[in-house]
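Below are two complexes that have chain A in common, paired first with chain B and then with chain C.
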Partner chain A sequence: MSLFQYFFRKFARYSLVIFAIILLNFCIPRLMPGDPITYILGEDIYYVAPEQIEELKKEYGLDRPLLEQFKLYMARLVRGDFGYSFSFGRPVIYVVLEKLPMTLLITIPSTFMGIVIGAYLGIFTGWRSESVFKRLLTNFILLVYSIPSYWLGMIALLIFSLKLKLLPLGGAPPLDSDLTTFISHLILPIATLTIFTTAYNAVIMRGVTKGISEEYFVMTALSKGLTKIHFLNRHLLKPSLPPLIAISAIEFGFAFSGALIVEIVFSWPGVGLMMLEAIIARDYPLLQALFTISALIVVLANAIADILCILVDPRLRSDF
Partner chain B sequence: MKKMLVVFLFVAFSVAGCIGIEKVQDGENVQKILKIGTTMPIKADNIFVDYYFGILESVFNDRLFTIDERGKIVPELVESWKVEEDGKVWILSIVKNATWHDGEKLTAEDVAFSINYLKAKVPGFKAHLALVDRAEPIDKYTVKIILEKPWASFLANLVVVRVIPKHVWEKVENPLEYYGEDRNVGSGPFIYKGFDKTAGIITFEANKNYRLGKPNVDKLIFKLYKNTEAELMALKRGDVYTTYFYARGLDPIYVPALLADQNVRFLVETNFGVDNALWFNNKLYPYSVKEFRIAISYALNYSEYSKTITAGYAETPKAGFVPPGWSYYKETRELVRDLAKAAEILDSIGFKDFDKDGWRDLPNGSAFTMKITLRSDLPESTRLAEMIKRDLEEVGIRVKLVPVDGMSFRKIAEQERSHEVVISRTTMWGMMMWAGYGSGYVDSRNIGWANVEDQELHRIVDEMLKTTDEARVKELAHKIQDLYAENLYVIPLYWGKIIQPYRADKIEGLVYNPMMGILNKKTWFSVKVKE
Partner chain C sequence: MRLELLGIAIISFFIFTAIFAPVIVGLIPHDKSEPYSPPSKNNLLGTNDIGEDVLVELIYGSRVSMFVGLTSAFVSTIIGSFVGIISGYYRGFLDDFFGGLIDLFLVLPALPLMILLAAYLEPSVWNIILVIALLWWPNTARVVRAKVLELRESQFVEGLRCLGANDLYIITRHIIPNVSDLLFANFTLSVARAILLEASLSFIGLGDPTYESWGSMLHYSMKRGGLLNGAWWSFVPAGICVSLATMSFMLFAMGLEDRKKRTKAIGLEV
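Up next is the complex of A and B:
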């Protein structure tokens, strides 16, 4: 199989996944009991006159046959028109664009740091893991991994914000804030998210490293007398990268759908919280948009991960 | 690794060191700022879009009528009023010194426009103004509201009607999508200054030209929190001086932790709403059987609900449902637990364990399970439902709990009325709806959680809707409470208190209002922010 064929097949597969996601997003409200307009209008349906409902149905093309509706839905999607959010009182796209940067402000740095620190911690604890210190460290990582994030966030607030009065009690920085205020608002949410991402990645990487460390090429590399750093980076980290890349892709993908629990604890106005509010308010246009965007980004991140894996792992290139 | 940790801690502590205590100066004067924490999920600063921002509207806009601290309807923008044609025509005289924040005069034109506009364009007001035919100005300060048919308690609806400036809104075709700079121009004691959505801060400034004088504080700030724990930490730290949530006080489970803080004090006030009640669908068998409902009432452990759910900040309710504090409240029999009596009544009406499986069956021998729908968005509902289940199972009634979110609850209990029994609460405003005294939730012709079609109840409600004579209103109020007590269409589970925490070292002079809580005129003119 040539490289071109390989990418073409991948592209076709992802296109199919994206189509399935869009189709699901189209079908779910229509498969649910009642009229989709109920979900668009939410509780206001009780107060809207029947003729207004008919008008709205016409506007959304809901009075047409299903196939025609699907074509209309696709056309709106291509134009980036996700409809109107009734609970936020604005077009969906504006609401999403308002919240997404806030989410990325905390999820991107924490995902990045969590991957890097977690990878090194995992390799460290996975390589010759018999030592007492490494066992203790592994148990500590597992402990952190199993602590509920809500609890950890609350403890962080209690210590750093209430008792020590060092950091704010939540909320994103005000629009007119200076750099120090800006950073102070970011510290606790990012730290909490980083701790969890680190623990998760460390657990995964520890398992991968343990598996690789029993391979013959590792013994060969050691017998050559390489320095520890050189050995770690070249012979241990590199073969462990494909699974790490795959996990990271998913994590970066999910970074766009927010971090609900952390957003609630730190009153952070991000996408996760918005998704919860959209569910409570039955804001289906907003939910549809959020699901579609999140799913597309996860698919995109996976596609990038596939390419990166081919670049770092020569075994995957052997077929070309 | 070590280096990264050091860098992180350095950044954290140097940043933290730069955060000082806020002291705002306006020229020579230190501004007095009242900071209020809230967990109300405010998303948009348009009163017609966001229900909870609509609650804050009372801060920057005056209404035609309001509620005083004893729960009585009193005029606000209205000076005097009279009713003609037996409640079909309402004539209101408006105060002459009210102005909008942009300097324009508030006149009868604005009031008439508001009523007609809200009815035509804002879905949420269609129900409140359902019987309004039209409103028209008679002169500059007099407005006439013509109803389609007489409606004695129409005044209660005017409590929620928003009076909006005609010169701003007449050009707005769809108020739900309007975000012009002038969207929050009001006539109230504070002027809306903005909503920083990222920081979750809503700011108001004192209206120096307010008709009743300038409020005691220069600035009013609402800080939004997404969880009560963080909000209360902010209270303990002094970031906010009090908290607010519409029609709800502090959940009593948080009180012990706050009692340890000597700076935190509480206002403990009468709740004019019913915190939690068991609403039977009176149209469905066996809930349509009066004796069955009475038997259930004897199986419930009211004192335990009060002790466990409200930490004692409640009292055992009376069968008459309507809590004390309301004008024309009537003392009815106290609800008590008596398992023997419950069993005796159930036996007498044929609800026995025919198949000896440990559960009571219907009189015809078929198995019976009581389905109780509860609201998962109200945390205390779940705890309460578990206790009710346990209590009913003690008398052999098998119970299935069905938790649903707020929106599903409304669909099941209001739109479809497919529920058997629900656990839910009423606000003060909820108690005032329809003919008042909770009738809106009881009567099948209104919201009707209890779905009651009893002709006697309908007759009383109909007369209450028409009567303006106070003596007769009192008589009817007593009658409806007697009817509730006799029939137990709905069983109140406890009458709770409203707990309002505040920082005594930062503020004093908060006044509680049964409808709007601390957000009321009396607070604005009596609250003092300590230096």
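Up next is the complex of A and C:
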């Protein structure tokens, strides 16, 4: 299989996934009970004259056959038209793109920290996991894994902001704030998210490490008398990198979803807080765009992971 | 293993509480008091935003969590094992189709999709179960499919075919018994996941408004100033319950897994 073929295959696969996401998004409002136009207009439907509703239906092509509706829908999407958010009174795409950087600001650092700390914790606990300390640590990670992230966020707020009064109660830092204020607003959301991505990663890496530690090359490396650190870094971390990268992509989606809820706790003005407003207002176009965009982000992360895997894993390249 | 027993003990405790909730509530003091009054003799865990006893809410909340957790895990295990067995055993077109579907679902961000569906549907316990089951079955299907793929190539299945056993017989008498351990462990994990997901949906405000659940207790505490007033009793116990319930099912699943030494097979890592 040539490199080109490999990429072509992956590309075809991801195109199919993206198509499926769009199709799903197209179908959901049409499968739900009630007239799709009510989902587009929201509460405004009560203030619009019946003739105008008919007109709007024509404009959205809702009076035409499904296949044609789908074509129209695709044509809109290609132009970046995700519909109109009635609760924000603006096209959906602007609302989402405006809030997205704030969410990424807390998602990206916590994903990276979670991957690094989690990978080491996972390798540490997965490698010869007999000692009492390691077993305790494993169970502690499992405990963190079962705690709802938003609840931990609430506890953090209670302790650090309300009782100790060390950190702000939430919200985004003001635009003219200095560096310390800026960071103080970021600490709690990022810390909360990091704890969860760490636990998630540690659980996975523990499994990977356990699998790898039974392989023969590990035994060889050990019988050569390599030092522990050298061994862990060169012989254990390296072969576990490809699965780690693949998982990190899924992880990013997980962290993104997690951020949506954690934002609510810290009133962090990102996509999550906007989602909450959209839910309360039953702003369906906005919720749909949110799903589409987060799905696209996950697909993109997966595609990047595929490319990175080729770079770190010589076994994949040798096939070409 | 001791931890497994701890898991079983906690699960039994919550299920017992859920079943006998009205009886237990009758045994404890629970007068209506001032909103957000701290724990006292009359309200062992204080009161919430409308002056209701937190402990009583917790006890009734266990019903929602246990019911949603067990039912949606059951439904998703049924769907997942059906799809997994069919596509793993028959391969071919069916496998291409279902395999693609499973892959697709595993890539989709579950929470935003769940929120979207839950927002469209009427908020009710049954719809929450539907949404969770609808999005969780691919996890079971993936694991079951992998195991069935392995089984169908095994010698005893080949032997059965040579003896002239038909597919239905092989599946019901030999494949299903061989994946049942896996299914049970996976079911237990699914319950843990479902309890967390229900709590998340309720926390966002998409829960069933007619029942108080642990998630909705957190929701109201956040929304109506319980947290900002420092009324820790309005949200700390509910979160502990969610975590304990989730963890106990995970410990149980891990115990099952340890016993069978199939760390990779049941997909605990994902």
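Here is the rule we use: the second predicted complex is superposed on the first by the 305 of 320 C-alpha atoms of A that agree within 3 Å, B and C clash if a C-alpha of one lies under 4 Å from a C-alpha of the other, contacts with A are read in each partner's own complex, and residues count from 1 in each chain.
As a convention for this text, contacts are C-beta pairs under 8 Å (C-beta built on N, C-alpha and C of every residue); 3 or more make two chains touch, one makes a residue touch a chain.
Model, not experiment: these values are computed from the prediction.
On the superposed chain A, the positions of chain B and chain C overlap enough to count as a clash. Contacts of A:281 after superposition: chain B is touched, whereas chain C is not reached. Legend: residue contacts after superposition of the two complexes on their common chain; A:304 is shown touching neither chain B nor chain C. By the touch criterion stated above, A:169 is placed in contact with chain B and with chain C alike. Contacts of A:157 after superposition on the shared chain: both chain B and chain C are touched. Shared-chain residue A:221: touches no atom of chain B or chain C. In the superposition on chain A, contact of A:183 is made with chain B only, not with chain C.
In the superposition on chain A, A:246 makes contact with neither chain B nor chain C. When both complexes are overlaid on chain A, the residue A:269 reaches chain B alone and has no touch with chain C.
Legend: residue contacts after superposition of the two complexes on their common chain; A:120 is shown touching chain B, with no touch to chain C.
Shared contact residues on chain A (touching chain B in one structure, chain C in the other): 154, 157-158, 162, 169, 264-265, 280, 282. Residue ranges on chain C touching chain A, taken from their complex, read 3, 100, 103-104, 106-113, 115-117, 119-121, 192, 196, 199-200, 203-206, 218, 221-222, 227-228, 230, 232, 235-236, 238-239, 242-244, 246-247, 250-251, 254, 263-264, 268-270.
Residue ranges on chain A touching chain B, taken from their complex, read 42-44, 46-48, 84, 86-90, 98, 102, 117, 120, 154, 157-158, 160-162, 164-175, 177, 180-181, 183-184, 187, 191, 263-269, 273, 277, 280-282. The part of chain A that touches chain C in the complex is made up of residues 16-17, 20-21, 28-29, 32, 39, 139, 142-143, 145-148, 150-152, 154-155, 157-158, 162-163, 169, 203-204, 206-208, 210-211, 250, 253, 256-258, 260-261, 264-265, 275-276, 279-280, 282, 284, 287-288, 290-291, 294-295, 297-299, 302. Contacts from chain B toward chain A in the complex involve residues 1, 4, 8, 11-16, 18-19, 41, 43-44, 46, 49-50, 123-124, 126-127, 176-177, 179, 196-201, 223-227, 229-230, 233-234, 236-237, 239, 377, 405-407, 410, 414-415.
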